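What follows is a group of structures, each given as C-alpha cells.
Look for chain A in each of the two complexes below; its partner is chain B in the first and chain C in the second.
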Partner chain A sequence: MDLLANLALGFSVAVTPTNLLFCLVGALVGTLIGVLPGIGPLATISMLLPLTYHFEPVTALIMLAGIYYGAQYGGSTTAILVNLPGETSSVVTTLDGHQMARQGRAGAALAVAALGSFFAGSVATLFIAVASPPLAQLGLQFQAPEYFALMALGLVGAIVLASGAIDKAIGVTVLGLLLGMIGTDVNSGTERFTFRVPELSDGIGFVVIAMGLFGVADILVNLEKAELPRMTAFVGRLWPSREEFRRAAPAAVRGTLLGSLIGVLPGGSAALAAFSSYALEKKIARNPERFGRGAVEGVAGPESANNAGAQASFIPMLTLGIPANALMALMMGAMQIYGVAPSPRFIAEQPALFWGVISSMWIGNLMLLVINLPLIGLWVQMLRVPYRLLHPTILLLCCIGVYSLNSSAMEVVFMLAFGVLGYLLLKFGCEPAPLLLGFVLGPLMEENLRRALLVSRGDPWVFLHRPISAALLAGAALLLVAVILPSFRRTREQAFQEE
Partner chain B sequence: MPRLLTLQDVWAGLLLAAFGVAALVFGADLPMGTPRRMGPGYMPYGLAWLLILCGAVVALRGVLAGGAAIERMRLRPFVGVIGGGLAFALLIGRGGILLASAGAIVGAALADRTSRWHEVLGLAALATAFAAIVFVKLLGLNIPLWPS
Partner chain C sequence: MTPTRRILLTAAALAMAASGASAQEWPKERPIQIIGGFPTGAGTDIFARLLAEPLGKALGQTIVVDNRSGAGGNIGSEFVARARPDGYTLLIGTAGTHAINASLYKSLPFDVVKDFEPVALLVDVPNVLIVNPKVLPDIKSCADLLAAARKEPGKLNYASTGNGASGHLAGAQFAQAANVDIVHVPYRGTPPAMNAMMSGEAQIMFQQSIPIMGQLKAGTFRPLGITTAARVAALPDVPPVAEACSLPGWESTTWYALFAPKGTPSEIVRRLNEEVNKILRDPEFDRKVKDMGLVPLPSSPEEFRQVQLRDIDKWRDRVRKSGAQVD
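Moving on to the complex of A and B:
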C-alpha cells in the first residue's frame, strides 16, 4: 500500500537522531510558550526562524511544527491550573478546566487534555497522510484562475472566521495585500512604494512584519495590563475516574473530527476549532447546565479539537501552497526561505521532506504525552517567572532575529514600526493576524490575476467560465453574503462570546 | 475630549483609510496598464480604493453606532520598548552586540514600572552573554562583539 510505504519513508526520515532531537526541542519550546501567557506560537516561530537557516529544511520544519502543536498542549496547563489561557486556543478550556481544578480534579483535567490531544494528534496525522495526496492531485489541474479564486476564498474564509467586526477584518486583510505590493514588481521591474530605500527594493521581509505585529506589539499591549495574580491550584491525582473517562472519550472523538474538518477550511485555526467544539458539546449535552461548572467534556472536546485543527491546517498549505491562517502563512514563508516552496507538486518532488514532517508530528505528539504529565511541576514553576523578566528577552530576540536576516539595522526599525502598527490595530479593536495572511498572498494573487487576464485577453469572465474557479468564487461570495445576513451574524458573535 | 475621538472604530477607520490615501498619493506615477496587460499600478490602485472604502465604512459605523471606546494608552511602555529597540538598531553597527543587547534590555526594562534594578542588571548580563555566545560564536553571524 502506498500509504504505508510513504509513512515508512517518513518515519525513516523522522527518527534520525538530529530530527528526533529537534522534534523534542520544538515540542518542549512549544509547551513552554504555550504555558506562558503573553507569548504565542506566532511570535516564537518568527523569533526562532533565523536560528533555523543553518538547518536542513526537514529538520527546521519538524521543529517549527512541533512548536505549533506543542503550544496546544501547553496552553491547556495554564488554562486549567491558573484560569488564564496560555494560548487563544485554550480560552474555552478555562471555563470547565479550571472549575475541575477547583474541585480538586486538576490532575484529571490535565490528563484528559493530554490524552485527548494525543488522540487528536494521531488521528490528524493520519488524516493529513490520507487527504493530502488526492488534494495535491486536484491542485495539479489548477491554473491561474483557479489559484486566484482559491486565494480569494482563503482570504474571505480568514475574514469571516476572524473575531471582531467584519469590515475591520476586511480592511486589515486589504492592508496586508497592499503592503505585499511594496518592492520591485516582478513583471515590469518597476519599484513600487520603495522611496529609494534599498532595504525596500525586495519588499519588506515577512519575518520583519511577523515579529513586529506579534512580538513587539504584544509586549506593548501586555505591559499596559496590570500584572494578573497567578495562583496555582493543587494538581491532585492524575488519572481520571472511570465516570470521567466515559464522558471524555466520546467528546474527544467528536472534537477530533470537528477540529480536523475546521483545520482544513480556509481561515480555520486551532482557536476556532476549540470554540466550535465547546459549542457543540454544550449543545448535544443532556444537561448543558453542567458546563462552566467542571464538565469534563468541556475540556476533552476543545483540547482535542485545537490539536487536530492545528495539524490539519497544514493540509492546504502543504498540498496547494495556500496558507489557511497567519501561522501557516509564517510556515509557508519559512519554507520559501529554505527554498522548498509548497505547491501541488511538493509531495511528488520532496517526498522525504513531506512524509518526514508528517511522521514527526505523530512522534512529537507521543513525546508530548510522555514528557508532559511528569513535567507539570516544572511548567508550573515556569509560570512563576514574572513578565518583567520575559519581555526584555523577547524584545532582544526579536531585534537580533531581524538583524541576523540581512545585517540591516534599518529592518530592525521597520520591525519596530510594525510593532507600533500592531499596537494601534489592537487598541482600535482590529485583529492583526489577517494582515500577515494578506501580505503573503498579495504578490501571489497579483501574479495569478495577471496571468489569468493575460490568457483570457483581459476578459474578467474567465473566472466564471471555468467550473472550479467559478465554484470557489461562488463559495467566497456565499460566505461574504452569509456574514452580512443578520441571523448568521448573531451565531458568529455567539461563537466568539464563549470567552 | 469629544466623544467621537475616543471611539475605537473611528480611529480604526481613519488608520486604514490613511494607508489607502498614502498608497494613492505615492503610487500615482505607477503605470496602470490595461486589464489584459496589468501594469505595476493596477493592483495597488484597486487595493488602495478598497482600503479607503473599508476605512470609511468602519469610521462611519463608529460615528453612527458608537461602540467600544479606546482603553487608556500609556506612554511609558511605548517609549521604553520602542526606545530599547531603536537603541539596538543604532548601536548594533558600530557598538557591537554586547552594547546593543544591553540597550534593548535596559530600554525594555524601563518600560515596566515593576522592574527592579538588580534584576535588570542580572538579566542584561545573562542575555548579552547568551546573545554573544549563541549568535556570534555558535551561529557565526557577522556582528562585532565590541565597539570598533
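Moving on to the complex of A and C:
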C-alpha cells in the first residue's frame, strides 16, 4: 500500500532526534505566541526565518509548521479565560468559551478546545496524506463566481451567527460591510473612505478590529461595574463532564470536516473555518438559544475547525505551489531560499521532505496535547489574578500586538476606537461577531462579483450556469428562508395568542 | 537672511556635525533596520532577509527587516524619508516605489529623488510572460499568442497582482506595443492571481519570477518570454519578449535597491555600497539569487541614481499610456 509506505518514510524522517526536538520547539513557541494576543505566527515565523537558513529544509519546515498550528492551540486559551482572542481564528471561541469560564467551566472549555484541536489535527494530517492531490484540484474549481456564491452563503451565515434580535444582527453586519469598503478598490485602484490617511489606504486590519471589539470593549464593560465578581469562586472542576463530552464530540467531527474543506480553498483561512463551524453548530442545535451562554459545542466545533483549517491550508501550497494566505506565502519564500520551491511536482520530487513534514504534524499535535492538558490547571489560575492587574496587562499586550503588525502607532489608535465602538454595540445589545464576518466577507464578495462579471463580459447568468456557484447560492437562499421563517412563525404565534 | 532660515542653517550644521560623529562610530551603536514597503513574504521581504544575514556579518551589526506595508509601498518609503539620516534606517525600495509610483499616484507626501540617498542597486526582477498549457495547449510561442489574440479581440484575460503593479503595466505596455486587445483582470496579490492562472479564469500573465520558478520547472506554466532585454541565467531557454514577440527594443523590468534617508553621511553610503556589492559578487549568494530568476546588479551609488532617473521618465510615459492611476 502506497500510503503506508509513504507514511513510514515520513515517520522515519520525522522521528530523528533533531527533527523531534525542533518539532517540540515549534509547538512550544507556537503555544506561547498563541497565548499572547496580537503576536501572531506570521510575525514570529518571519523573525525566526534567518535562523533556519542553516537547518536542513525538512527540519526548518517542521519547526515553522509547528509554530503555525501550535498558535491555534494557544490562541484559544486567552479567548476562553479573559475573552481576548490570542489569534484571529479564536475570535468565535470567546463567544461561548468565555461564558463557560464565567460559569466555572474554564477547565472544561480548555480541555474541550485542546482535545478538539488534537482530534482535528490528527484527522487533518491523515486528510492531507490521503487526499492532497484531489483536494487541491477541487480548489481549482473555484473561480470568481464560486467565491462570490461562497461569500453570499457566509454572509447569510453571519446573521445566523448572532444571538438576539435579527434586525440588530443585520445592522451590525452592514456596518461591517461598510468598514470593509475602506481602502483601495482592487478593480479600479481608487481609494474609498480613506480621507487621505495613508494608513487607511489598504483598509483596516482584521486584527485591529477584532482586538478592539472583543478585548478592549470587554474591559470597558467590566470597568463600569462597581464591584467586579472575583472569578476565584468559579474555577470549578477542571475536566469536562460526561454530558459535555457527549455534546462536544460530534461538534468536533463536524468542525474538523468543515475546517479541512475551507482550509483547502485558496483564500480560505483558519479564521473563516472557525466562523463557519460556529454558524453551523448554532443552526443545527436543538436549542440554539444556549449559544452565547456557554454552549460547549460552540467551543468544540470552531476550535477543531481552526486547527484543521490551519493544517489543510498547507495542501494548496505543497501540492500546487499556490500559497493560500500570507503565512503560506512566507513559508513558500522560505522554501525557495532552502532551494526546494513548491510546485505540482513537489511530492514526486521531494517525497522525504513532503511526507516528513506531514508526519511531523501528527507528532506535533500529540506533543501539543501533552503540553496543554497539564497546563490547564495552571492557566485557570490566571483567573485568580485580580482585574486591576489583569486589565492593564491585557490592554498593554493588545497595544504591543497591534503595533507589532505594521509598526504603526495609528493602528493602535484605531484599535482603541474600535474598543469604544464595541462598548457602544454591547450597550445597545448588539453582538459584535457578525460585524467582523461582514468586514471579512464583504470586500471579497464585491471583488469577486465584479471580477466574475468582468470575466463573463457582463453576463449575470454566469452565477447560475456554473454548478458549484448555483448550488452555493441555492444554499444561501435556503438558509435565508430558514432564518426568516421561524421568526415569522413566532410573530404569528404571538398574534394568535393575543386574539 | 531671515531668522527662520538662519535657524534652519544652524540646525543643519549641527545635524551634520552630529552625523559626522556618528559616522565614525557607525554601525556599533545599535541594530540597523531595513524597512520594506510590502507585506511579509513578498519578494522585497524575502530578498531583504536574504541580504540581511551576510550584510550584518560584514558590518558586524545585527540587521532587522521591518515591513511597513501599504499604499503600494509608499508608507514604508515615507517612514524612511522622515527617518534620522544616521545609517541605522535603510529602505529596500523598488522600481515600483521609487520610479512608477511617482507617476502612478497623483501626489506623494515625499519626493522619490530628493528625499533619498541612493545606496546600492541590488537586483533586476524580471517578469515572465506565462500561459497555462492545460488551458491554452496550442499556444507554444509568443507568435501563437499574438495570433490568437488578434483572431478574437477582447477574449483573452491577463491577470495581475493589482492595479499599477509591474505585471499590470507590463501587460498594458505589451498590449499597446503589439496592438492586441486583451482584458486586464486585477487580483489582490500573487496567490489569487496564480490560482486564476491555474484554474483558467485568466489565460495570460506577466508574473515576477520569484514565486513561479518551481512552477516553470514543473511545466505548470509555459514561459513565452521574459521582460528583460537579455536572457537570464536561471531560465536560459526563455527568450526575451522583444525577440519572441518581434517587438524590437521592448523591455519591462523592475529592480530592488537599497535607499537611505537624504543626508546620510557619504562615508556610510560608500561603505554600505561596497559591502553590498561584495555580497552580490559572492558566488554562493549569486547562485541563490540567480536560482530565483533575478539578475544581480552591482553598481555605484552614482550609477544607481542615473538608472533611477532614467526609469522615472520611462515609467511616466508607460503609466500614462496604460491609463492606470491611483488617487
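The criterion applied here is as follows: the second predicted complex is superposed on the first by the 271 of 499 C-alpha atoms of A that agree within 3 Å, B and C clash if a C-alpha of one lies under 4 Å from a C-alpha of the other, contacts with A are read in each partner's own complex, and residues count from 1 in each chain.
Just so we're on the same page, a contact is a pair of C-beta atoms (placed from the backbone, for glycine too) under 8 Å apart; a residue touches a chain by one contact, two chains touch by 3 or more.
A quick note: this is a predicted structure, and the numbers were derived from the prediction, not measured.
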item	value
Touching partner for A:Tyr403 - first (chain B), second (chain C), both, neither	first
First, second, both or neither for A:Leu178, with chain B first and chain C second	first
Touching partner for A:Val420 - first (chain B), second (chain C), both, neither	first
Which of chain B and chain C A:Arg293 touches, first, second, both or neither	neither
Partner chain in contact with A:Asn187 - chain B first, chain C second, else both or neither	both
First, second, both or neither for A:Gln336, with chain B first and chain C second	second
Partner chain(s) touched by A:Gln143 [first = chain B, second = chain C, both, neither]	second
Chain C-contacting residues of chain A that also contact chain B	187-188, 190, 407, 454, 457
Residue ranges of chain A in contact with chain B within the complex	51, 54, 165, 167-168, 170-172, 174-175, 177-178, 181, 185, 187-188, 190, 192-193, 195, 216, 219-220, 223-224, 227, 386-389, 391-393, 395-396, 398-400, 403-404, 407, 409-410, 412-413, 415-416, 419-420, 423-425, 427-430, 445-446, 449-450, 453-454, 457-458, 460
Touching residues on chain A, where the partner in the complex is chain C	42-43, 46, 49-50, 53, 139-144, 184, 186-191, 198-199, 201-202, 266-267, 316, 320-330, 332-333, 336-337, 339, 341-346, 406-408, 447, 451, 454-455, 457
Complex contacts: residues of chain B adjacent to chain A	8-9, 11-13, 15-16, 19-20, 23, 26-27, 30-31, 34-41, 43-44, 47-48, 50-51, 54-55, 57-58, 61, 67-68, 70-74, 76-78, 80-82, 84-86, 88-90, 92-93, 97, 100-101, 104-109, 111-112, 114-116, 119-120, 123-124, 127, 131, 135, 139, 141-143
Residues of chain C that touch chain A when the two form their complex	39-42, 45-46, 49-50, 52-53, 65-71, 74-75, 78, 109, 154, 157, 162-164, 183, 185-192, 194-196, 198-202, 210-215, 217-220, 288, 291-292, 324-327
